[in-house]
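The following pair of complexes shares a single chain, subunit A, combined with subunit B in the former and subunit C in the latter.
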Partner chain A sequence: MKNTLRQVFHSSKFLVGFIIFVAILLTMFIYPLINPGNPLEMIGVGTFARPGTYVSLYDAAKTPTETLRLADADDKRLAKQLSDEDRVAMVEWFSATGVDIEGLDISDTDALLELWRANYDPAVKPKGMTQAKRNYYKRLDAAIKEVGAADTLIIADTGEGGALEKQGAITKTDYVNVGQVANVKILPLGTDNFGRDVLKELVSAAGTSIVIGLLAGLVATLIGLSLGLLSGYVGGICDDIIMFITNIFTVIPGFVLLILISYSIGQEQRGAAVVALVIGLTSWTWTCRSVRSQVISLRNRDHVNLSKLSGHSLFRIILTDILPYIASYVVMAFILQVSSGILAEAQLSLLGLGPKTTEVPTLGLMMNWAMLYSAHTNGSWWAYFPVILTITLISFSLNLMNTGLDQVFNPTLRD
Partner chain B sequence: MKKLLCLAIALMLALTAIGALAETTDLPRNETLYFAGQQWGSVNSWNIIGTNQNNSMAIAGNAGGYRTLMFETLYMYNFLNGELIGLLANDDYAWNEDMTQLTLTIKDAAKWSDGTPVTAADVQRTFDIGVEIGNGTGTGLKGYIESIEADGNKVIINAKLNDEGKPVNPLKIMDFLTGTPIAQAAWIDTVVERNNGDAVSILNDAGEDVVWSGPYTKYFADDQKVVLIRDDNYWGQDESMWGKLPVPKYIAHAIYADNPAGENALKAGEVDVCQQFIGNVQNLWLEDGLPISTFYEEAPYGVCLTMPTAWYNFNIPVLAENPALRKAIAMAVDYDTIIANAMTNQSPSFSDVPRSLMNPTEGEQALYDHEAVADLQWAGMDIDGANALLDEAGLVDTDNDGWREYNGEKISLNAVCPNGWTDWQASMEVVAAAGKNIGIEITTLYPEWDIYQTVFTNPSQTDYAIFMWSPDAAAPSNPWQRVNQFMGGEFVGVENNWSGNWGQYVNPEADELLKKIPLTTDAEELKALYTELTKIYLTEVPSFSLMYRPSLFHAVNESVWTNFPAGDDGRNIPPADCTDGYGIRALYELELVEG
Partner chain C sequence: MKGYRKYFGKKLAWFLITLVVAVILNFVLPRLMPADPVSAITGKMAQGMTDASAVQEIYKRYEAEFGTNKPMIEQFFIFVKNLFRGDLGTSFSQYPRKVSNIISSAIGWTIALQLPAIIVGWLLGNLLGALAAYIRKGFDKVLLPISLFLSNVPAFGMAVTLLVLFAVNWKIAPIGGGYAFDMIPNFSWRFVKSVISHYQLPFWSIVLVSIGGQAVGMRSMSIYELNADYVKYARFLGIKDRKIVGYVFRNAMLPQVTGLALSIGTMIGGALVAEIIFSYPGLGSTMYSAVTAADYPLISATTLIITIMVLIVTFVLDIVYGFIDPRVKAAQFDA
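Take a look at the complex of A and B:
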C-alpha cells in the first residue's frame, strides 16, 4: 500500500493534478473563514459592479485627511472629465453652430472652455444633429461645469429649521488613508447580476459542484461496479439481462436522457442532491461495461477457481478475489465520473434545468444567470469567466490525476 | 453530357440564391424604418376582424393605443396627457346629458384604399360583426355598448344600461374610440359571404384581400421579416389630417430569435426603433458611445405606465385567511434591489412614487389623497415591521425550526413566474429572499410559459401561491380598469381568465365602489372613491406591485433616422414606437441624418 502510494505520488502528472485539486479544496475551506456570511446575500443594489476596492464615500468624508500636493493631480482630474475626443467634439459643436474658431488651439484648455461657456446653449438644435449627440453635449457641458467648480466641496447637513448648515469642506488636495476609513470592501471579482459577491459565491459554488460531482460519481460508480461485477462473474442469463439494459442505456445519448429526466421531475423537486442522483443514474453504463470485461478476464484465473473449490460464497469471491484486482481501475473510473458529473451539472444548469436557484449556488447556475443577464455581451467578464476557469481547473486536475494513475497501474503504459 | 447537366444545375441554384437575396435585401436603407421587439414568428393573417393574426406590425392593440399603420381607429390616444385626437373621426365627440349616448362624425376626407369614403355605416358594421362572430371587439365591448347607429356621417353609440337605467360603464365606450380598428362594411360582407356566415371560419379567414385606410399596407412577409410599404394614395395627406405622407417608405421588422438578437441589431444600427427591455440601456451611449437614445435621457428613460405585480392566490387558505401574512411579505421585500436589478433603475422607486393603485404619471397620481393613505404605504425592506406584524397575528415559530407555523403547519409558499422572463425571475428571487428574513419559507419556481399561462388563468388553481402578472397600462378607461383588475369581483371564477383579479380576491365593498366610478364625473367625489379603494387595497394587500414599468420600450438608434420623439422636445408625442396611438405622429416628422 505504502509502496503504491509512493509510486502514485512519483507520477508528476498525478502530483500536479493533485496539487491543483487540493488547492481548490483548501480555498473552499479557508476562504469562508476569512470572509464569512451567506454567499447568496445580495450586497449590491444593481447589477454587475466591477471588480475593485470600494471605499465608503460617507466614511471617507469623515476621516481625518492629509494634505498632499501632487503635481499631476489637476491634469489627471481634467483628463477624466475632458478627454481628447471631447475636445474634438466641442470643435464640432462650434462649427455646427457657426462659432468663429479662427486660431483656436484645442490643447489650450482655458481658451477652449471659455469659448464653450460663451457659446453653448442646450436649447439650440443644430440642423441634422441627432438627439443622441445633443444628449452627449448636455453631459459634456455638465462635466465642464465640474471642471470649473470651486476648489472646495462643502459638506452640509440640514440643521434646525431645515436650512443647510456647513459641516465641513473638502479641498482638492485632501487625501485619506484607505486603512483609516471605517468601511472598505474589496470585491476581487465584483458582483453578479443580483449584486452578490462573485468570489464568495464562486468558492461556495465550487464546493457545491464538487459535492454534486462526488455524489454523481459515487452513484454511477456503485451502480456500474455492482452490475459489471455481477454480469461478468455470474455470466449466463444474468449477463444477458444486464448487458441488454446496459446496451439500451448506451444507445440513448446520455445527455438527452439527462435533459428529459431533469425536465420531467420538475423544478420544485430539483435540489442539488436530486440533480446529482439523476446525473449518476444516467452515466453508469461505461463503468459497467468495462468492469464486466475486466471481470471476465479474471474469472477463470487459478485463485478464483481455488476459491470456488473451497466453497466460498459468490459475494466473498467477488469481494476478496476479484474486486482487489480491479480496484485501481475503479478508482480511476470514479475520478472520471466525478469530473463528468461536474460538467454535466454545469451543462444542465446552463440550459435552466439544474438545481432550483434560491438554495445553493452552483457553478452551472452562476453561468446560467450570467447568460440570462447577457454578461457576455455587456462586457461583464467577471460574472462568467472565473466560473469557466474554475470548472476547467477542477476537471483538468481530476483528469490529470486519472492519467497519472493510469501510468502507474496500467501495465502497458508503465515505463 | 453529365458535366453539362451539373453545370446547368449549379447555375440554376446560383440564380435562385441570387434571386432570393435580391428579394429580401432590396429595401433602400434611407427609405426604410427598421423595428425590433414587436413581431415574433411569421404572420398568420391580415384579417382585421379575425383572431390570432400574429401580425403585430399591422394588427395590434397595445396598452398605449392601437397601432394605426394599416388599420385606423376613430381616435388616437396620447398617454402622455390622456387626450383623444381625431383620426377617422372629427374632434367633436360628445356625450348626452346622462351619458347614455355618444355621438361623433366621420371625417369627410377619410377614404378606404379602394377609394370609397369611410362612413358611419362602416363603424356600425365593424361593431355588429364583432358581436356576431365574437372577436375581441365584440366580446370585449358587448357588455357596455347596446348598439351603434349610423346617420349620414354621424355615428351614434348607445350605451348598455343597467337595472337603474344608468350606463354600465361609459369609460369602456371611450376605449372603443381609441382601441377598435374600423373595417370596411363592403369587405366584411365579402368575407361573410365566402365563409357562408360561419363565425369560426370568418375569424380564421386569411383576409389577403383586406381593404385598409391607413398610410401603410402589406408588401412582403415570410418567416424572416415583415415589410409594410407606404400607400401614396393615403387619404391622410389631406389638409384636414396630417397634410403630408409619413416619411419612411418602408416599415420593416426582421424576425429575431430572441431579445439579445434584437438588441445586437439595434447596437449595429440595423434596427432604428427597438421595443425591447435593454438592461442598463444608458451604457449604450455612456460606455459604447452609440447614437442610441431613449425618450428621457435620465432614468427611468421611458414613461412607466404599468406595475408588474405579485398576486397572492386566495385559493390557498393560509394566504386567504391572513391579511397580516400578505402584508408582512410585501413589507419585507427589497424593492430597491428589484428596481435596480430587474429594471436596472428604469423605474421610479417606491419611495419616489409611493405604492397605490395608480401608475406614476402625474394625471393618475393626482387621483387619490396621498395624505390619507400615507400610514398604510410601505417602501419595503421593513423586516422588523414585518416580523412584528406576524408575531402580533399569532403566526409564530412554535417548534423552533426557524420557520413560522399556521395551525401547526409550516408556512411554505412558492413564488412563480415564467422561465426565461429574466427580470421577473430576478424579482421572484428577491421575494424569496425576503421570506427567509421573516421566517416564511418561499421557494422560486419557473415553469415554461406554456404551462404557466394555463395555470395562472385557471380560477381554481392552487399550484402557484405568489405569482406575477401585469395589470393594464394606459387607456381612456384607466385607472378604473386597472383598479378593477386588482380587486374586481367580476373576474372571480371566470375560466381561462386573462382579464383581471388573477388571485381570486373577493371584497363586496370594493366592488360597490368600483361600480360607482365610471358614472362619477365630479373630480372631488372621484378622488374620494379612489382614495377609499386605495385604503382597502393597502390594508388587505390582495397583491403587491414590484416595480413600475413602461408598457412599451422605446430605444432608437439615430444612425439613419433622427427627430424621434424625446421628453424635452415640446412636441408631446408619446414614446409609443412611432406606431401606436398618437405616437404615429413621429413618422410624419422623421428626418434623415445628414452626411
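Take a look at the complex of A and C:
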C-alpha cells in the first residue's frame, strides 16, 4: 500500500493534478476565513461593478489630507476625463480643418492635446459643420482648459433652512492615504449582475460544485460497482438482465435523461443534493461495464477458486478476493465521474434546470446568471471567465490525476 | 456474408429495443412531474378572467386537446400512434404552432452544425494524437498538456471565449444567430454568405473541444500499440517502418471508433448547450426556450429527437465498425 502510494506520487502528471486540486480545495477552506459572510449577499446596487479597489468617497473627503505636488497629475486627470467619443470628435475637427494628423494615435493624450491647443480656434467655421457641433467643440475646449486651471472643490452640506454650508474644500494637490480611509472594499473580481462579490461567490460555488461532483460520483460509482460486481461475478440470468439495462442506458444519452428527470422533478424540489443524485443516477453505466469486464477476467483466477473451495461466502469473496484487484480501477472511474458530474451540473444550470437558485451558488448557476444578463456581450469578463477557468482547472486536475494513476497501474501506457 | 448479416441483425435488434425504451422513458418521465402542465397553460390563457366556469371550460378544452383527461395507457398509445404520423403535439409556449413544425425548422441547423464539427474534430484530433505518439519528444511534450487542457474546457466555455474574442472584441464574426437578423431564409448568395459567417464560431468551438480529447486518446492508444509484441516481431522480420505504422494506426483507430460511438451522446449534449451561447437556431436553443417557457410537449419532443439522433449515429458507427474490425471480418470467413 505504502509502496503504491509512493509510486503514485512519483508520477509527475498525478502530482501536478493533485497539487492543482488541493490548491483549489485549500482556497475553498481558507478564503471564507479571510472574507467571511454570506456569498449571496448583494453588496452592490448596480450590476457588474469592475474589479478593483473601492474607496468610500464620503470617508475619503473627511480623512486628513497631505499635499503632494506631482508633475503629471493634470495630464493623468485629463487623460481620464477625455472620453473615447471626445477623442474621435477632436480628430474629426482636425480633419475638417485640414490639420495634418499623420501618425496620430488617439490614445496618446499628450500628442492629441498638444495638437488641439496649437490648432483649435473657436472662430473657425469648418464647412458643413452645424452650429450645435461647433458649440460642442467650444464646450470641449473649455473643459480641457478648466482641468489645467487651478480650482478647488467645495464640500458642503445642507444646514438649517436648506442653505448649503461649506464644510471644507478639496484642492487638486490633496491626497489621502488609503489606509486611513475608514471604508475601503477590495473586489478582486468585481460584482455580478445582482451586485454580489464575484470572488466570494466563486469560492463558495466551486465548493458546492465539487460537493455535487463528489456526491454524483459516489452514487454513480456505488451503483456501477455493485451492479458490475453482481453481473460479472454471479453471471447467468443476473448478468443478462443487468447487461441488458446497461447496454440500453449507455446508448440513450445520459444528458437527455438528466434533462427529462430534472424537468420532471420541478424547480421547487431541485436542491443541490437532488441534482447530484440525479446526475449520479444517469451516469453509472460506464463504471458498471468496465467493472464487469474486470471481474470476469478475475473470476476464474486461482485465488478466487481457492476461496470458493474454502467455503467463503459470496460477500467475503467479493470483498477480499475481487475488490482489492479492481480498487485502483474503481478509484480512477470515480475521479472521472466527479469531473463529469461537475460538468453535467454546469450544463444543466445553463439550460435553466440547475439547482434552486435561492440557496447556494454553483458554478453552473453563476454561468447561467452571467449569460442571462449578457455579461459576455457587455464586456463584463469577470462575471463568467473566472467561472469557466475554475471548471476547466478542476476537471483538468482531476483528469491529470486519472492519467497519472492510469500510467502507474497500466505499465503498458507508461511513456 | 453470414457473419455480417448476423452482426447487423444483432445491432439492428439492439437499436430497435433501445428506441422503444427511449420512447417509453420519454413518455413516462415528464408525466411523473408533480405540476399539471394543462393547468399552467390554462392559467396563462385565462389571465384576468374572473368567471370560474369559463376558466373551467378552457381547462376542459385544453385537457381534451392534449389528451390528458384519458388514462395513462390510452395516452401512451395515442402518443405512439401520433409519433408514427410525425405528430408530436402542440406547443404550449408557441400555441397553436405544432411541435413537429418547430422541431423540423431547428433540426437541420443542428445536424448541419454538429455532424461536420464532430467529424472534423475527431479526424484532426486523431491525426494530432497519432503524430504525437509517432514523433514523441518535444512535439509530444508541447501538444499533450495543451490537448489535455483543451479537452477539459467545457463546450459552452469554449463557445463564450470564442464569442467574446472574435465577435465582441475583434468584431470579425457576428455575435449570434444562424444568419443576419434582417434576412429571410432563401437561396440567394447573400443569405448563404451570412449563414457561413454565422457558422464559423459555433463550428470551431465544437471542433476545438473535441480535438483535445480525441488527441489524448489516440496518442495513448498508439503508444500502446507501438509497444505491442507484433510490432517488435514485425521489426525483427524487417518489415518497413511505414508499413508497420500503417498497421499500428489502423489498430489504434478501432478503439477510437468505439470511443466515438460511446461518447457521441455526451458530445452532442455539450454542443447543444454551446448552441445556446450563440443563439444558434438549432435544437439546443429550442430546448432552452422550451425549458424557460415550461413548454413540456416541446421539451419531450426535443429530447426524443436528440435521443433518436444519437441512436442513429451510434448505429451507423456500429455498422462502420463492423466493416473495419478484422474480428467481424474473420467471422465472415469462418462461416
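Keep in mind that, in the parts below, the second predicted complex is superposed on the first by the 345 of 415 C-alpha atoms of A that agree within 3 Å, B and C clash if a C-alpha of one lies under 4 Å from a C-alpha of the other, contacts with A are read in each partner's own complex, and residues count from 1 in each chain.
Heads up, the rule we're going with is that a contact is a pair of C-beta atoms (placed from the backbone, for glycine too) under 8 Å apart; a residue touches a chain by one contact, two chains touch by 3 or more.
These numbers were taken from a predicted model, which means no experiment stands behind them.
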- Have a look at where A:107 lands relative to subunit B and subunit C in the superposition and call it first, second, both or neither. neither
- Task: Mind working out whether A:377 is in touch with subunit B, subunit C, both or neither, as first, second, both or neither?
- Result: both
- Scan A:133 for contacts with subunit B and subunit C and give back first, second, both or neither. first
- Message: Between subunit C and subunit B, which one touches more residues of subunit A when both complexes sit on the common chain A?
- Response: C
- So, does A:310 touch the first partner subunit B, the second partner subunit C, both, or neither? neither
- Query: Is A:256 contacted by the first partner subunit B, the second partner subunit C, both or neither?
  - Reply: second
- Message: With both complexes superposed on chain A, which partner does A:352 reach: first (subunit B), second (subunit C), both or neither?
- Response: both
- Report for A:158: first if it touches subunit B alone, second if subunit C alone, otherwise both or neither. neither
- Considering only touches as defined above, state whether A:265 meets subunit B (first), subunit C (second), both or neither. second
- Message: Contacts for A:396 in the overlay, against subunit B (first) and subunit C (second): which applies, first, second, both or neither?
- Response: second
- Note on the structure: Going through subunit A, the residues touched by subunit B and also by subunit C turn out to be 352, 377, 379
- Query: Can you name the residues of subunit C that touch subunit A in the complex?
  - Reply: 14, 17-18, 21-22, 25-26, 29-35, 148-149, 151-154, 156-157, 160-161, 163-164, 168, 175, 216, 220, 223-224, 227, 262, 265-266, 268-270, 272-273, 276-277, 287-288, 291-292, 296, 299-300, 303, 306-307, 310-311, 314
- Note: in the complex, subunit A contacts subunit C through residues 247-248, 250-257, 259-261, 263-266, 269, 339-340, 343, 346-347, 350-353, 367, 371, 376-377, 379, 381, 384-385, 388, 391-392, 395-396, 399-400, 403, 412-413, 415
- Note on the structure: Within their complex, subunit A touches subunit B through residues 40, 42, 45-48, 127-133, 135-136, 138-139, 193-195, 267-268, 352, 356-359, 372-374, 377-379
- Message: Could you list, by residue number, the parts of subunit B that touch subunit A in their complex?
- Response: 260, 263-264, 279-280, 283, 285-287, 290-293, 297, 334, 336-337, 340-341, 344-345, 414, 419-420, 422, 425-426, 429-430, 432-433, 443-447, 556, 558, 562-564, 566, 591, 593-595
